[in-house]
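Two complexes follow with chain A in common, the first pairing it with chain B and the second with chain C.
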Partner chain A sequence: MNNSERPTARKSGLVVQEVPDEVLVYDLESNKAHCLNQSAAMIWKSCDGNNSVSEIAKLVETQAGEKITEDFVWLAIDQLSENNLLEQQVASNFQGQSRRDVIKKIGLASMVAIPVIASLVAPQSALAAASCACNNPQQCGNPPNSQCPSTINCTVLGVCAAA
Partner chain B sequence: MSVNDQLHGPGRLRSGVIADSSFNFPSSRGNLCCSFALDVHNENNLRSMTDDLKWYLLTLKKAERNIVAAFQALRSEAIEPILIKGWAAARNYPDRVPRYFGDTDLAVSAADYAKAKSLVETHPGLRGVDLHRELRHLDTLDWDRLFSNSKLVNMDVAHVRILAPEDHLRVMCVHWLTNGGEHRDRLFDIAYAVENRPEEFDWSKCLDVISGNRRSWIVSTIGLAHRYLDLSLEGLPFAHEATEIPDWLTRSVERSWASESRLRGIDESITDPRLFLHQVRNRLPPNPIQSTVFCEGKFDNSPRIGYQLRDMAGRIVPSIRRLRKAVIDQYQWSRTK
Partner chain C sequence: MLENGLRFSHSPELEFVLESYGVRVKIQASNKRLLSEAEQVAKRALVDRVQIVKAREADHTFGIFGDPDETLHLVLAGEQVSYDTLHDRFFKFFDSILRITVAEHAKDLVFIHAGVVGWKGKAIVIPANSFCGKTTLVAQLVKNGATYYSDEYAILDASGLVHAFPRDLSMRYFAGTVVERAVTVEELGGVVGSTPLPVGLVLLTEYAENAEWKPETLTRGQGMMEVIPHTIPRKYDPEFSLKVLNTAVSDAIIVKSFRGEAAEFAIKLLSFFDSITVD
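Moving on, here comes the complex of A and B:
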């Protein structure tokens, strides 16, 4: 396991909204939204390009007041990387174990909630509010249909599905 | 009982509104007017937030970034826009009641319009801006007066300019009526603007600066919010008048709310013959609300037929032009495909 890896949290092209116990992230490039629980958010914030995985584990341990293993940090980094929330992709490093096995192992041993990054899906009400009126996909997203949330699923009925 | 209590109580779910029986919606008049409704730092409010609300918070922040960028881009060219509808309407909504909006509606003076339009077409920071040349049919107050009434409010790290609440209420009412009153959810914009109006809101600045006919539009729209959304009329100087809504008006909104088909530009449905026929049928006879507004008529109990005929006569040539352009665009697009 390469615990000297120093991941860097991505900053550009993201809209970040902190709420109690969670951090919400909107990726402007992929138009995807994520919800990071407290553990995942703490680890993400500690990814400054200077801290190694071992150091991140210690930092989070101090904040959480509980023992944090490097597997715990890797579990978060694996998801952060998968969701393109790190500057550079980091290969998962579970020493041959599956993510499921690692979750099971950490879940039994840790008093702190395991890091979770969940996807947020646009509710129907949001899509309805952002509906447009296009005759063909070329018109999607362009004036006067600038409000189209999609450039591929724009329909003649003026309803757009998320891209 | 407040609009919120009436509308968002246990088990009453309406499109565009998240029902949450575990939460009491704060709605006391004036409390929410000066700051944005969603207090994200209030832990008690957000502990049990739904995914829909989380999505709303994110998209709101994204929209605010776009609005600030648009203001910065226009101000860099010495153009001062006024933000209307969308975010400005959402400011009146209570905590935990999302008010989604798509594009950014910005109005600029007629003198700045051409310059602003060319910027909107080229500047990346202005993508998604719906530019208005002053307020055209949406209001009759002259731009200078609207601008001097307008105010700057905080958004993120910047200040953006919005209309005075009295002016904005008129604009929202007329915009809603221009769409034939078919957007039931948008009637909430009017209900919350009245319900959560600031203490210093001056009804004479809202209603006595326009013609009697336009005054009847505003009063009737507030009356509709009272009738269908239980907006309280208590203390309003026109409370009795607002309860006397013409029958044709209630019939018209109820008919359009019951219909699954929304009024769209007839040119927007050319690729689907069934939809096209539906849209033609929707216009026969023309929507009496749109016709009355189109003719600057009065909302009273007199028959609408005169307005509807004038409306049809006035729209037929522009509609044919738009239809012709849409057919050409569609043909050109299909050839390049």
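Moving on, here comes the complex of A and C:
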């Protein structure tokens, strides 16, 4: 079995929340949050390690009620792999085309929204999110270059306390 | 004994256990004066939602110890997290880390780092990092008639309703260096909300000079994704956090835009909210 043709959705270390027409995924290992649109979500859910790319295209076609090409599926798989949402990284298979070219080609022909994954990195800790960290304590209280303009909030270690 | 070789003595009577939002925290200190101050800071940090309980054990333990050279050390779970020679700055940091510890582990609640006001029976939630103008905007909204819920946390319950965390606003102004002052809601001519509210609007914004208000409506998934970095317990109870967030925003509109000066923007925002909501 060629793994690159039968991708498997990653499950461990992920928290998944279904919302209408989208899937939100929070990766506990990388502190990244991902928003999969409906097309990307359908493809991700079809990545069970048994379905080939052409089989995934057929499955999505049935759900979407519209013709789906393998390029469409590969576009999602490429993004899923890049965002570490598959068990193993998969090399893109656009046969010499760039992702942009593929998007243009699919976008013009497709009645179904192209698969899109938006991502965001969350800070490591809540204290980091709620405060700021200067590179060194001398940066405290020296706007406009300081990341922490308040001498009251900035500790000797250069960590700004939350407001 | 700590890693750096410092030794602290601590008597059993120099400690207390508090409970706040379902979290038990033990505070130990090297003398009565520090212990008393820690208690006052804790009550202020947690807007008096604090009970001193008769318990020996706690979920988290802080230690506050003073050196002979008057350096103050802050220890959490046996590890030093800060030290300082400036008393006020030390306790300001303790205030922050205590609040965050409670917010991370609160029972059946999800704390979002956000400003919140009430307007016509709904909550306007403004998730943002510190130093991004959140308090300034909240203050202006209150001056324009919105009800004050918090300049720090939106507290969501399992039904998705927002509860108040009505501490005094930490207003900052520049006078050579940044100066911070606690301002009461009464000074702003406002009132504090007490009724839990459904979320009407989530506003993702930050101040930028001369910025134009160009609200982009986000889908629920996109909006939730943007709120996740501000969701305090996301690492400790991620499933519950996302579930509650989803419930909270299910009937809300989520918009994103830079904003200009708070005084002018607050009026625009309230008008915008009126225009998009149906009674």
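What we mean here is this: the second predicted complex is superposed on the first by the 115 of 163 C-alpha atoms of A that agree within 3 Å, B and C clash if a C-alpha of one lies under 4 Å from a C-alpha of the other, contacts with A are read in each partner's own complex, and residues count from 1 in each chain.
The rule we apply is simple: a contact is a pair of C-beta atoms (placed from the backbone, for glycine too) under 8 Å apart; a residue touches a chain by one contact, two chains touch by 3 or more.
Computed from a prediction, not measured in an experiment: that's the story for all the values here.
Engineer: Please work out whether A:V23 is in contact with chain B alone, chain C alone, both, or neither, and reply first, second, both or neither.
Structural biologist: A:V23: touches chain C, not chain B.
Engineer: Just chain B (first), just chain C (second), both, or neither: which does A:I103 touch?
Structural biologist: After superposing on A, A:I103 lies clear of both chain B and chain C.
Engineer: Would you sort A:A9 into first (chain B), second (chain C), both or neither based on which partner it touches?
Structural biologist: Neither partner.
Engineer: As a test of reading the superposition: which chain, chain B or chain C, is in touch with more residues of chain A?
Structural biologist: Counting contacted residues of chain A, the larger count belongs to C.
Engineer: May I ask you to decide whether A:I114 touches chain B, chain C, both, or neither, giving the answer as first, second, both or neither?
Structural biologist: So A:I114 meets neither chain B nor chain C here.
Engineer: Quick one: classify A:A122 as touching chain B (first), chain C (second), both or neither.
Structural biologist: The answer is both, since A:A122 touches chain B and chain C.
Engineer: Which positions of chain A sit in both the chain B and the chain C interface?
Structural biologist: On chain A, the residues that contact chain B in one structure and chain C in the other are 15, 17, 19-22, 24, 26, 28, 33, 35, 120-123, 125-126, 129-132, 143, 149, 156-157.
Engineer: Residues of chain A touching chain C in their complex?
Structural biologist: Checking each residue of chain A against chain C gives 15, 17, 19-24, 26, 28, 31, 33-37, 118-123, 125-127, 129-132, 141-143, 148-157, 159-163.
Engineer: Would you mind writing out the residues of chain B in touch with chain A in their complex?
Structural biologist: Residues 15-18, 40, 43, 46-47, 49, 51-52, 54-59, 61-62, 65, 98, 100-103, 120-121, 127-130, 264-265, 268-272, 275, 326, 329-330, 333-334 of chain B touch chain A in their complex.
Engineer: Give every residue of chain A touching chain B within the complex, in rising order.
Structural biologist: Against chain B, chain A makes touches at 15, 17-22, 24-26, 28, 33, 35, 120-123, 125-126, 128-136, 138, 143-144, 146-147, 149, 156-158.
Engineer: What does chain C use to touch chain A in their complex?
Structural biologist: Where chain C meets chain A, its residues are 82-86, 88-90, 92-93, 95-97, 99-100, 103-104, 113, 129-131, 134-135, 151-152, 170, 172, 174, 177-180, 219-222, 224-226, 228-230, 232-235, 238-239, 242-243, 245-246.
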